[in-house]
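First comes the structure, then the notes that go with it.
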């Protein structure tokens, strides 16, 4: 999460300013590919999955009593979002929030449907930083509409389970599908955290031995990632908690236990983020101590060398003076005596430094 | 936001002290130009806009069932505010708060009308800092009265939409107009934030390579701006939240979703401000580390040079002594031998420093 | 606010320990002058003001339906407080709190009357610090009794307004008088803040150029003043908020708007105090950076001078040795060559330092 | 409060682990003297006080309608606590808490009686630190049982007032006696605080002039005392607040005002502790600045002396070289000229340092 | 608690991601030994204890009215957990949480039973750090099922008390058994804290005299342990508090007092952890001051030696110059005079340093 990213996000928002509320404008990164859409319809017995080209194609499926999942992978074509608004009777402000990625995780109850915004994380190996993407979910009585920014997602295991009729997912309603999507997103956070944990461990191992400025920068970058993660997870907790305690008829009581479970996972993500933050703070302290220790080390060497040789040099200087009457100079024994004196002085100094534990 | 500005604000307040409550005195910057006033009246079909010279001129429009917006650009003429008080039956303390700019964002429900104080931000390119201006809004059953300190404002897109009958604004009541004003003000915050973000990025890029005292001062100035922004946005959140949850008959239920939307925007502003604060704190740490690293660098150079040459100088000093009996001095090979010894000593020192990674 | 002051306050409290509760003992600074008392009685038409010598003198006025203000300037004569207790039927613990100055701002509802403790601030120009004084207010159905420690107060504008029948004060009840007293005290806070703001500005201007230890001490003193102010204003906020939301029949609904207004003022004082605290923290950081920068400056000079001359001195030392066979010494060109070498070496060093931006 | 003390407390608790709950084991310091017990019975007219040897001796007094205070000075004889449990029908967990000193202040309502744990402080002049002792109070309908660890206590003024029938204590019930005990304990806190305040003032006075490591240690010790005090007072606040708001029939409404008063005192203790904490933090900052200033001072002296003499020594070195052809050496005027040059150089350096405000 | 441990925990979670919810997979450390199971059945008169091999073996005991404790020491055999789920009708998410160790302490009320997760601590003497293990408790109407990760536990005193019919445990229901388990776990925390306290004391004793980098690392490790402990105890507090205030018919009112008691113990653990954290922070400050003091010490020695000898060396250098006309050199008295001058200069310097308290 560079400063540039934040500026871009703010720039998007400020570009939007002046538009009337409810305008559907995609303000994220520009994309040119067509939006991919697919629809899955299932109940305990049947399962239909097909790729569709327009929202209208999904309507015949929606009107049956089984659960319909309309999965839209791209929010850069406002006309598609408008169609969803028209056919599913969605509030214009919801449509605006779907298009205008950069929302915080939130939940809004519009009686006929519940609108949920989540953030999906991904560790970008190339740029070596965490990227986030907005996932919007509309949960109706017998349908779920999910929007994401790009095609690649974390929902494949859910599709697999639906196809294979594994677990209880086919027996339960749309609310369980919404739960499964949220669960998949949060489980993915652990993968991102694991990747960050590895980086932290690498830095920790080399910090005391070699406290370079680059490592300091890296620690600061990681702290920023943690703040960024925290900002994604914190409101998510609130979202799930409100789903769990919801009195909306769209949420069955049987699903509540599952929301409570996913809430626990969110808490665990928070815990891990907090622990990493504490670790990084500790590493910062250790970095600063290491730098200060090295300074100390340097000062000691300077002091030891200087304070040993400066008095000796002075003595040598004295006997280098050119006074005519310096009786010592003419004795045979004085030169070795002075050398011996210098040696004793140096030894005494060394002993003094040793006692003070400087060498 | 300089210290001077705060002192001025406090000085205004302390000047006011001693006046009886409810006295309408403009205590902000003195202005001499006349207050500009205009009135807009609209419903789904009709639209009237005219410039007026006295509050009385707006009364015929007010008494019709459509929505009337009385827009007053200047609070330095107490008589105008008094007229508003008289004709619209507004509490004296509200009038005092309108005139006495420097209020925190707040909302007060007086049954017949709701009084809202907001702060509009503007990045002053000349003084290179954020300026803030008080916008007071009185929301009645079928009218909105807005006061601002100067003429230049952020409401032009709203006027444009009213004139062109774009969007749903013409179909909705006075509460939607009030919402639109608040929305315009908050959207403008993103523009200010973008400008500040640019400055932060500039500093960040040059911080490690060149940590000057001027950059430190700049970081501190930016942190202060963030505190100042935070103080404007934080109570604003509360204001909007209370509007959203309001049970006043002046707020229609249909408008609530819009207030919730603008509340989300306020949260996003807060988030950006917090992120910038975290960044600036991190930059402060990096600044200090950079300064400390440079100190380290200087110490290393000093130590390397000193500890190499001081022993050598001592040796030279010894053989510069004038003792008569120094047998080494008379051998042909001793001079090159001593030079060689000095060379070896220097090499040894360099090797020692290299191993400690000082050079 | 010196340490001594706090110790004195605690000493007063600890002296009091062991006395039975409800004992009226003045534990503040000893004073010898007589307590000055005056009584003001007013309604919309009449106004009576007189100086009195004993509490009894005020009783005939009290028993009329108009509002009576008994103003007692001094709490060092327990007998006066006891008389108030007797004639106005006040709880012994209230009387104890009036005498025992050093209370935090608080409000206590005794049904027949409301007891309010406030702190009045004053900037003592001689000792160059903020002093605080306890003001106790007893608000009854048709009377207000106010106690302060010294004669000099901030209530003169209120007396003036009562005498001249200006504003709505003469038309309203005892609760409005209590409000006016609180309002006057809070308005006075702005004057104290303005004075402190000036000092902060003075220090700020000279901090970077000349970071002396005295300025550091001054910053710490100002921070302490801010903590002290915060401790006075914070509970005051609570007091006013409880007055505003009070369901006591002693508070008329019409006065509530005024309490809300004075509450806003208290919030503004808090805001200014917090802003000053942030500023002082920033100034502390700047002070420390300035000191560290100066250290850096000193180290640079030391290093530049030392590392230039030490190698040169070594070379001079070498050719000062007394070896018999030093062939260089006998050439005519060697002396100027060595001088030239030294010059080149010094230039090289200077170039090296220039490149590192040390000089 | 040394680390050792905390370890001892924890060791006591961990020794207790494994015992079944409700076991009465004294885990504090071992004592050998017999537990002293006395009983006081009083109503408005009568007063009986006697020393007793077993809990049974107090029973005849208890069963009369007047108030009985059973005062037990020592908790190291489990049999006594067991007798109290048996005769007064006290829950085993309460008895365990009485014996197992080291409880936090707390209040538990067992309908028939209220159990209160308090901490009494004492400044130990010999060890120069604050000691704390557990006081347990059982408040019944017409009796109070108080337990303390040692004989010396702060309740003598209460006994005196009971004996002399001073104040309203003899007219009121057992709840007022409990209030009086709590009040006495809190009033004693001010004495401890005063003693700590003196120490803080002593350190403050000498900190800037002489920042020794011993003073730093002392500041840290005092901060720890403050944390320790805070931990005693903070839950105490809660205890008193719950007593004040209690709906137990054991607390008369008339006593509530007194609990509110003692609550104010607890807040004042908290305030003083917080103020001292702030002061000690400020002193820590000043200590660090002083140390850093001294370092600066030392560096300046080193730099001034070194940079003045090193160039001069170099010049002397040059003219100490033994080149045969050094024409300057043979002129009569060169020696004084060089001395003059050296003088000018030194003056220039001194001027340079003066301008930089180093000397 | 090393970084590696956290990474492992996160890795476990991220491995789990993609599995359908309610899957029972043990994700902790792999173990190969068989899970040990035992069942204890008791009422006031009878006591049966036996080792069992499958969950079915416990069923005949369960269906009697007395209390049954099924004690399972190992969660790495999913089939056992599944059997528990089947025979005791436990929700799949509960089974998942039992197997998937690494949960935070929590409580979930499923009407028929209450599910409690706790963390048991153990100080690992070999690795010199605190280890934690998950204990899951299912409390039913007349049974308790407890799961732990390894065989070694802290419940032996409870088994002993059950066998010997000591205390009230045999007289009370399943909720009292659950309480006893929680109490045993928390009592064990004190043992861990005592061990950590010893380490802290050891470091404290040697910190000022010898501030090595290893000690700094140790302080940071201990701080991390404290954060880790805090994370275990904090939610535990909440768990117990909810048990105490529970309105579930599974908790008898008589047991509530015991839960309140164990709640107090949890608070005491928190207090000790906080105190240790404060101490470690203080020790960090002292470490940094010690390092800075040593630096100061070193600088003083360097400065004293250098500033004494550098001027002397300069004087010697001057009289080592080879000018032909240096009249001083030819006087008999100049050599001793210069030596005397040097001595006086050195004495003056020493006096100067003494006055500045450097030596």
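Each chain carries a letter (A, B, C, D and E) given by its place in the written order, and its residues are counted from 1.
Here, a residue touches a chain if its C-beta (ideal position, glycine included) is under 8 Å from a C-beta of that chain, and two chains touch if they have at least 3 such contacts.
Everything quoted here is computed from the prediction, not taken from an experiment.
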What is the touch distance from chain B to chain D, in steps? 2
Intersection of contact partners for chain C and chain E: D
A CA-based fit of chain A to chain B gives a rotation angle in degrees, as a multiple of 5, equal to 70
Report the inter-centroid distance (CA atoms only) between chain D and chain E in whole Å. 26
Taking each chain's centre as its mean C-alpha position, how far apart are chain B and chain E in Å? 43
Multi-partner residues of chain A (each touching 2 or more other chains): 292, 295, 299, 302, 306, 310, 313, 317, 320-322, 326
Taking chains as nodes and touches as edges, what kind of graph is this: line, ring, star, complete or other? ring
Cyclic chain order when read starting with chain A and heading to chain B: A, B, C, D, E
Spell out the part of chain C that touches chain D in their complex, as residue ranges. 3-4, 6-7, 9-11, 13-14, 16-22, 91, 93, 96-97, 102-104, 106, 108, 210, 213, 216-217, 220, 223-224, 227, 231, 284, 287-288, 291-292, 294-295, 297-299, 301-302, 305-306, 309-310, 312-313, 316-317, 319-322, 326, 328-332, 334-335, 338-339, 342
Which part of chain A faces chain E closely enough to touch in the complex? 157, 161, 166-169, 180, 183-184, 187-188, 190-191, 193-194, 197-198, 200-201, 204, 208, 257-258, 260-261, 264-265, 267-268, 271-272, 275-276, 278-279, 282, 285-286, 289-290, 292-293, 295-296, 299-300, 302-303, 306-307, 310-311, 313-314, 317-318, 320-326, 356-358
